[in-house]
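For reference, chains read A, B, C and D in written order, and residue numbers begin at 1 within each chain.
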Amino acid sequence: GNNNNNGNKGSSASPQASNAASPSGDSGAKKKFAIIFKNTGNPYGEKEMEGYKKAVEELGYEAILKAPDQPTAEAQISMIEELISQKVDALAIVANDPDALQPALEKAMKAGIKVISLDSAVNAASRLVHINQADPERIGRTLIQGVVEMIGGSGEIAILSATSQATNQNLWIEWMKKELEDPKYANVKLVKVAYGDDLRDKSVSETEALLKSYPNLKGIIAPTTVGIAAAGKVLTDKGLKGKVQLTGLGLPSEMAEYIESGVCPWMYLWNPLDVGYLSGYVADALVNGTVTGKVGDKVTAGTLGEKEVIADGDGTQVMLGDPFKFDASNIAEWKAVY
Amino acid sequence: MEQRLLTNKKEFKAKGFILQWEWLLVALIVAMFVMNSNLSEYFFQYDNLRDATMGFLDKAFIVLPMVFIIMMGDIDISVGSIIALSSVVMGDLYAHGVPMPLAMIICLAVGTLCGWINGMLIVRYKELSAVIVTLATMTIYRGIAYILLKDQSVGKFPSWFKFLGWDYVGTLPFILIVFAVFAIAFGLLLHKTPFGRRVYAIGNNPTAARFSGVRVDRIKVIVFTLAGLMSAVTALFLTSRMGSTRPNIATGYELEVIAMVVLGGVSTAGGKGRMIGAILAVFLIGFLRYGLGLVNVSAQMLLIILGGLLIVSVAIPQLKSRFAIKRKA
Amino acid sequence: MAESEFVLELKGITKIFPGVKALDDVYFKLKRGEIHALMGENGAGKSTFIKVITGVHSPEEGEMYLNGQKVAFTHPTDAQKAGIAAIYQHVTNYPDLSVTENIFMGHEKVQRGTGRIKWSAMHQEAGRLLKELGASFSPKTLMGALSVAEQQIVEIAKALSVDAKIIIMDEPTAALTKNESEELYRIAERLRDNGASIIFISHRFEDMYRLASKVTVFRDSKYIGTWNVDEISNADLIVAMVGREISQLFPKKEAQLGEELLRVEGLGKTGYFGDIGFTLRRGEILGLTGLVGAGRTEVCQTLVGVEKYDKGKVIYKGKELKIRGPREALQQGIGYLPEDRQKQGLVLQWEIGRNITLPTLENYTRNGAINTRKELEIAKRLAEKVSVKAKSVFDLVSSLSGGNQQKVVFAKLLASELDVLILDEPTKGVDVGAKSAIYEMISDLAVAGYGIILVSSEMPEIIGMCDRVAVMREGRITATLDRNGLTQEAILQASMDDSGSRDHAARGTGA
Amino acid sequence: MSANVQSASPTEGKASTGRTISALIAKFRELGLLAFIVILAVGVQFRNPSFLTWENLTDIATNTAILSILSVGMMLVIITRGIDLSIGATLAFAGMVSALTVKHNPGLNPVAALLIGVGIGIGCGLVIGFLVSWVKILPIIATLGIMNVFRGFTFEASGGKWVSAHQMPTSFKSIATGSFLGINNLILIAIVIYIVAYYFVSHTRTGRRIYAVGSNPDSAEVSGIRTGRILLLVYTIMGGLAGLAGVLWVSKFASAQGDTASGYELSVIAACVLGGVSIAGGVGKISGILLGSILLGILNNALPMINVSAFWQMFIQGAIILIAVLVNALVKRGIDRNNLMRRKI
């Protein structure tokens, strides 16, 4: 099962022999690697799961992809239980809540399942290792640097986030604020953090309110896919291209329109396929016992090459790399991918 | 007038016994077990089935009072928000140094208070109907939870608190035992006590009940208060399962609870249904979800299956009575 | 098309409701330009018959001819199209819509082609009809804001608004004052002179004599006969309707009047009644009569706390009583038999036994649970006491006939220890056999020392059963009459008279 | 107390003055809502001068258009004593199907896309109408089940993907962004729908019969109204409007997702309830729901603008809804009391 037909950079994979002792004991059956995304019907998540599946199948295992219909921790807990019952070997999770899954994931680990989180982390006690799409500090700082460059070094900026409960975003926003403490940003003022709740209508209202409440607003950072697309739409419709700058994190397919038109000169994201793909290899390494998830472990992740486990607060993580910059030069190529 | 009336119920019980809704549910559960066992080798295992109950029983506590509410022809869509508010209050208090047992008691008190407010508004403003009142309080209760915790989550509860949602007494899950106790208590309340009899009377004919000396308003307030209390019980177990809490927990629980009650054969037109039906429905939906989850059926298929099951289950009795009438005519 | 002599003819109509045969092989003929009275006791099947004609109910058996042509209406619109209009007994209106709309619902005036409703034309026409009926409220008023009598006027206007060949009026005068009734007579006559045929249902002989040329009588769902009004004596007509002499029907026994149980002083509820005063003694049957909508039911329900009063006081066994609700009333010893037994008296989907024990559940409760053995025992004893005809106490009350249902409601009352019984239309829609059983029961209860308030619109019942009678009109007691002064005329005078004298003058005479 | 000696017949005397007062109070309900909106607007304006600008008002109108369109359908449903919880799902399903269609046929006329959405919506509405009017399932239960089913269909149809801005032809996006005579199309469509709806409910037989069915279903049956057909019609209209709203939504936001408008039904119901539509049936005015929608629209727009903390927004909205319905109930009691006083007993 090795279908290598997407835009993932192409060197051939080298499936590792699955000779290590399997924790579930039934050596005859294929090993099962599961992933749970936040919610169903989310193209970003579909890509992340696709990357995971690709890695798992390259390695010759069976992949199980799950996502609840609502992005809630409660639903993810049920899914974790189902996977424990199925005696999967590894479980990768994109968490809807960093803490609320802890009891369930601890149970999974007690049952011998190798648990990792990717993208949206769970706390250190709930996982062996986290696959970080990009350093939150880098994301936060890069976004500020980006928007400051766009607005020419001074002026008012605002943030349009997802829900007030979104952990990833909250972490990034913290780093953005830290970056702004630097004296070189004395002329840049963060006027407001608004929450569009990842709802189209609410994100639009919030963007409009920002524009009106802060007539001198020069830039918006929207570190969320729905928010940045909604903001792009508002700026387009209001003809504010060039007057108010937009950047953030978004899906190339959703944002292609606005990057091509220049409403959003550039934005960042990582390749969700790669995040999933890397997770698959890290999970495999944990299952085979070649690594335990401690700092300094090294994982050879197929086409991505070798990655090292590094510290992350109390826990450990594997960093995919820097966020990727999408701009007019490369968006056409990427909008078809994800 | 030498009329002699029978009081021996036995000869009347036999007929209709087989056709009861509860037996249909039992048949469905058996069919579902057979199907799921065939789909997945992991389904029919004691440990798995036992642990699965821990996953779906949290909301089942609200099913119990919701049977009373729907029986009386009302509805309560604020229960999910009551869970969130009582859980957040508990978490927030604990985080501010209130001892956990006290915080838990306050959690129950907050839920009870929310339910009582619902009940009072509903009986004081009859023209509004329960849907409207609980629609408004649903927003308000969760709104308060947001005001209290903002974007924070609180957790780090004492380690024993995890016992509620995750541990066993003997080999049985604690939550299952507690649920069994509450289910029996609510079952007895509905079927054996004057209170339950009066709830049935209100469901069938509120006017006649009132004229017969049933204090309809009082019973409604009590029942909505119970719904608040049981929402808080759910909050305890859910919080324990999640190990932390935040204002957006338990969203959408109300609709799941209502769906279970309706599937359990409790008529929304009032006055029909039994506690056992709703409890069977809890296990039917719970194990069905779990079983389909074991074979990794997609979330969207689950939505379609569960929605369809609800429609079909309420349509069957309707169509049955329709055709029964036609046959008579 | 061969014109038949009869515009409407029905043959062998049978209509069965679950548990009740409401019409049993009924015949009827209506001539062109005739006003035909249809009479019979409560529950005789008159209203059901009307609904068969108008296509609301379809009969199980029988044939219907319109101008000699056989027709079968499956829907009310069929009857409307055939030129049949009806004023139904129970108001069938839309409280949230305007009077105009109520009048024209189902046959609105619309512009040809566009289908646009012609509001101004409709308002104008409605205004004209209302004026003709002597009403002065605007056709734009909301129906729900009108009094029962005003609503009745709208119902009449509704029937007039269609150019109907056959007009059916089911007790249109029941809620009307004398003047309003006169207005209605005039209109009916004019319609008749214009060639319409009218079926007129009323319990008032006066209406029949004033208007009708023919009278058809139903009894117990059966057709009894048709007579020319001037050829049948009053007494014969009553025999036809009731099946025996009235005097036999009322087995009033002399009861020993005891101490005063209840004294009501200046009781008032804004918008419903005012200045109500009467007394009730042990063993006494106090009649409360008047037109439909006079406020009797409201007064009774206030006494048991279903409704609240805002003026006056109630003195019960010498102490002022504040009634908070029916439960407290029952505990104090005041019981109420509601006028609508299906909606207010019974849980129809329940068995006889459960219905009987509902008000007194705590009497059979042990350790918080209902002791079903004891409950059933008591239910059985009471059901036998009021001689309900059924196989067992597990029969559903919905399967019982109206009379037996009413007996179950009586049994409910007897389960509590009461001193005062308020019986609101206890024989409404009850067959003759059950009726006499109920009368006997009431008499026995009075002898047993209950104080009884008997609300009834039926003159014979009031005259036959009561020791004293209070007559209500428009929310006030206009007269209180002693048994020896009790005549049909006196009661009618007090309940219908439009003159101002009704107010305080007659009150208190009999106290 | 003998004041009514002269006006013994209900057809004379003071009756009419009483009615004028109660009519006034009834009107007061809407005036009150309007006054509330005005006070709110002035208050917000005080805090943020850019509130009452032409641009912001246009924004409010554009953002409220879809909500107000849905309110029309919901009002009809509630008037017949029903409720429709499935409209969010219907909206998403219709929006998704039409977006997928234009994605694969970029040359498609936008009007055709609109029609496809409306058609899907009508189909969904017919299913619900059938369940409610023929199978006689309670509306709240039927639509609760159907909501899940349609939502599932939406996910299935999209295969977990979104349809994004660059996949939609400009012609399709300009349904929502384009304007005619300087007024945004969404606003125009809403205005047209309100005019048609106003004409429909107050000047056509069928429209009035919807009220009749809700006001008293039994009399409606007796006076020859086919109540089943009215119910079917009402849910079909609701479905059609939800379908239309789906296309407008997708076009406005230039994105179709599986979870589009999830939970939106509650906002629509709230708009109706604020506008004085009675859950008990029979009561509801076009002007009322327009004001109700506008109030919600203003709240959505104004709360962010006056810097109300995001964490207070939900509570404030809930509180305003509760206060509005309680005031409504009290006003209605006032009217009833007034009617009773009029009787002079």
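Convention: a residue touches a chain if its C-beta (ideal position, glycine included) is under 8 Å from a C-beta of that chain, and two chains touch if they have at least 3 such contacts.
A quick map from chain label to UniProt name: B = Autoinducer 2 import system permease protein LsrD; C = Sugar ABC transporter ATP-binding protein; D = ABC transporter permease.
Since the structure is predicted, the reported quantities are computational estimates derived from the model, not experimental observations.
Of all the chains, the one whose CA centre sits at the greatest distance from that of chain B is C.
Across A-D and B-D, it is B-D that has more C-beta pairs touching.
Centre to centre, using the average C-alpha position, chain A and chain D (ABC transporter permease) are separated by 38 Å. Chain centres here are Cα averages; for chain A and chain C they lie 74 Å apart. Inter-chain spacing, taken between the CA centroids of chain B and chain D (ABC transporter permease), is 31 Å. Chain B and chain C have CA centres that are 44 Å apart. Shared interface positions of chain C, defined as residues touching 2 or more other chains, are absent. Annotation for chain A: residues touching 2 or more other chains are 39-41, 69, 164.
Shared interface positions of chain D (ABC transporter permease), i.e. residues touching 2 or more other chains, are given as 151, 154-155, 258, 311. Every pair of chains meeting the touch criterion is listed here: A-B, A-D, B-C, B-D, C-D. Remark: chain D (ABC transporter permease) residues 48, 50-51, 53, 55-56, 59, 63, 66, 151, 154-155, 158, 160-162, 164-167, 177, 249, 253-255, 257-261, 264, 300-301, 304-305, 307, 310-311 touch chain A in the complex.
The touching residues of chain B, counted against chain A in their complex, run 40, 42-43, 45, 48, 51-52, 54-56, 146, 150-151, 153, 155, 162, 165-166, 238, 240-252, 289-290, 293-294, 296, 298-300, 302-303. The residues of chain D (ABC transporter permease) lying in touch with chain C in their complex are 1-2, 4-6, 8-12, 15-16, 19, 22, 199, 202-205, 208-209, 211-212, 214-216, 218-226, 282-283, 337, 339-343, 345. Residues 75, 125, 127-129, 131-133, 135-144, 146-147, 150-151, 255, 258-259, 262, 268-269, 298-304, 306-311, 314-315, 318-319, 322 of chain B touch chain D (ABC transporter permease) in their complex. On the chain A side of its complex with chain D (ABC transporter permease), the touching residues are 39-43, 45-46, 69, 164, 192, 194-195, 200-202, 204-206, 208-210, 212-213, 215, 229-230, 232-233, 237, 251, 253-254, 256-258, 260, 335.
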